[in-house]
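In order of appearance the chains are A, B, C and D, and numbering begins at 1 in each one.
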């Protein structure tokens, strides 16, 4: 009943491969594997950020940020993270960097600024960290 | 008969596009990067491809988490630069090639690739920046694109991503499909994304030039070794977003096993990203 | 460990749902069809599946021609009956199983199936009618669904459709993925679509019971022969929309090569469609 | 230069298989293979029909059918087919039966009616044709 149509030997190896891959990816410090679990975690935040690709939505957001967040059903905690532009807080809460970055873009906040804040560094410190790689 | 005449690969970063669009490519920060692009532009200019297949990842322009295709392919007559939050890039529209698109779709599905077919599609910096890098003038500016285009998307926004080996096989399948196209069409394939970078989390800013240089080497000497890298290892060695390197393997799969590297450029960094570029032709 | 406990297959037609929802299943036109469903309902009732994977085609509810996925899979917590033009069916919401959905997604992508992942999704008659047929009361009515569900979509709206052999392999991959799921979960797989019918063109109304009966026979005796049928042949023998039979092959692929047909019913016709139904368990 | 990474022998067979399949499908009388060519043929008609899955769009359509068609950029010819509920005309022009059928649904026109008209039959004649299969 439980034997598969094809050779059964590959089942454990696929499972092992997937589990090992996820274990490794989840073990990386300061990294939030954006898998199915995380994709469900703060769906409203990502959806709100995605909507900012339309100019009329950016205007509505600018007019009343909190009300706009409510329209997308953000939790009070997530709304606070958005209003305070707490980038690392948004990522931790389940934000996907590609959607969250749209929120930065509308205020012309650069990725370097977002990266610095996530690292609790000043922009200068963060740039020095990036440039340090030139020696490698 | 149609033919894949070359493969070119490059990193893509929104700010590279912004630098070109705002005319600051000769500023000290950007000059080394853009100077490094010039020989690649020369190479592509001489190739005169009729069609350019751009293998890239959508960064949340067309794709939201409600519906994430593993592999997508455009079949539109035209593709516009989309609005990623800071307005569309001021560049001309891209002309598609629906006839070749549908040929590819039929041949890829027949080769058991489960494509999502796009007939309406705007393209983001993952597509437009490489196009400016390879087809733009000295500073990236362009009046009219000298090639038709076909976008192919690879999911790197949400795990599971397709495995490196699957991406390489997609490239092989594209190659077979192009070889079977009856028109005399010269096709360039572009693989874009990577190199090492991480945008999210406290690890943002992570880069590892040693890994990138290994990757650049093996693209020529041992691409099959690269296809064995699990996506978790890409994330560890090249950063959470560095897994975009799997798009290079699609382009590589469309070439012979033996290739000649015509040109290579590597620069750390553009914004948060290690910027690599390479041009390959078949041996 | 999880297990696929059985496969059931059936045609789907909007008017079967309408007949159930308006209480006319005992009218002379419908009675023979609905009477034929009763033993299948009994079979499914005894199975008590925890989760039902429904392999169906979207008929233009969620999928427009702008973006057509070859294979899609739902990962939502809930799926609602959608509005296909005549309002949503008056049935309870379907509860999903995101944990098993993501397990399937990870295992299908690892087995080189290029799925499109849906986290928001409403379902059309291709999904809801079979659910009513197998899980509804005597006339199809239902107060609460006794099973969680996972929708899997197959493109039959725009050629190229996935080949029959690819669909069968998808079933095999689903089987492997379920076998690898660590929870004790009893899974029923439903394949829906067909049998012979053509809705479009001057050939609309075409049906070929001989082909359908051959197909029903070979589902038990020689499924591999069915996987060799090209989609053009399905269209010729079973009608332009009869190619929906490829969904039966996904369900079949998830079973052992040797199965027992527990029940079969065949009725011509429901609206324009030859209505077939079958229940299989592994030998 | 033209030899593939894998065995080259399968390329012609895939091409032959695809071409043979399309040739067969296109040779079927009274059948309009809905492939890429056809999918491009009357995209606006299909898009307009797809929109009718939303009640507010159905209301707008009912209020002024011609104006609604114009909003989706239908050709004059396609608009006439819609206004006249010329089902076979819509299919011939590039309509996909699944989208076109939504237009029938909003007026509770059954698939049997659509089928009869495509066959230039009365509903009774068409039903007799369907029931004739019971003898097979």
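By definition in this document, a contact is a pair of C-beta atoms (placed from the backbone, for glycine too) under 8 Å apart; a residue touches a chain by one contact, two chains touch by 3 or more.
In UniProt terms, the chains line up like this: A, D = Protocatechuate 4,5-dioxygenase alpha subunit; B, C = Protocatechuate 4,5-dioxygenase beta subunit.
Model, not experiment: these values are computed from the prediction.
Participant: Which one, A-C, C-D or A-B, has the same contacts as B-D for more than half of its contact pairs?
Facilitator: Equivalent chain pair to B-D in A-C, C-D or A-B: A-C.
Participant: Looking at chain pairs C-D and A-C, which one is connected by more C-beta pairs in contact?
Facilitator: C-D
Participant: If you average the CA atoms of subunit A and of subunit C, how far apart do the two points sit, in angstrom?
Facilitator: 36
Participant: Provide the C-alpha centroid distance between subunit C and subunit D, rounded to the nearest whole angstrom.
Facilitator: 22
Participant: In whole angstrom, what separates the CA-based centres of subunit A and subunit D?
Facilitator: Centre separation, subunit A to subunit D: 41 Å.
Participant: Could you list the positions in subunit D whose residues touch two or more of the other chains?
Facilitator: Those would be 17-18, 35-36, 39, 43.
Participant: Could you say which residues in subunit B touch two or more other chains, in rising order?
Facilitator: In subunit B, the residues touching two or more other chains are 65-66, 105-106, 110, 117, 119, 158-160.
Participant: Hey, which residues of subunit B end up touching subunit C in the complex?
Facilitator: Answer in residue numbers: 65-72, 105-106, 109-110, 112-121, 158-163, 166, 169.
Participant: With touch defined as at the start, can you tell me which subunit B residues reach subunit A in the complex?
Facilitator: Touching subunit A: residues 14-15, 59-61, 64-66, 82-87, 157-160, 198-205, 207-210, 230-233, 235-236, 240-241, 268-269, 271-272, 274 of subunit B.
Participant: Using the touch definition from the top, list the residues of subunit A that touch subunit B in their complex.
Facilitator: 17-18, 20-25, 28-36, 39, 43, 46-47, 50, 52-55, 58, 88, 91, 96-99, 101-106, 108, 110-112, 114-115, 118-120, 126, 129-131, 133-134, 136
Participant: Which of the residues in subunit D end up touching subunit B in this complex?
Facilitator: Residues in contact with subunit B: 1-6, 10-12, 14-15, 17-18, 35-37, 39-40, 43.
Participant: Considering the complex alone, what residue numbers of subunit B touch subunit D?
Facilitator: 1, 3, 75, 98, 101-102, 105-107, 110-111, 117, 119, 172, 175-176, 179-180, 253, 255-257, 282
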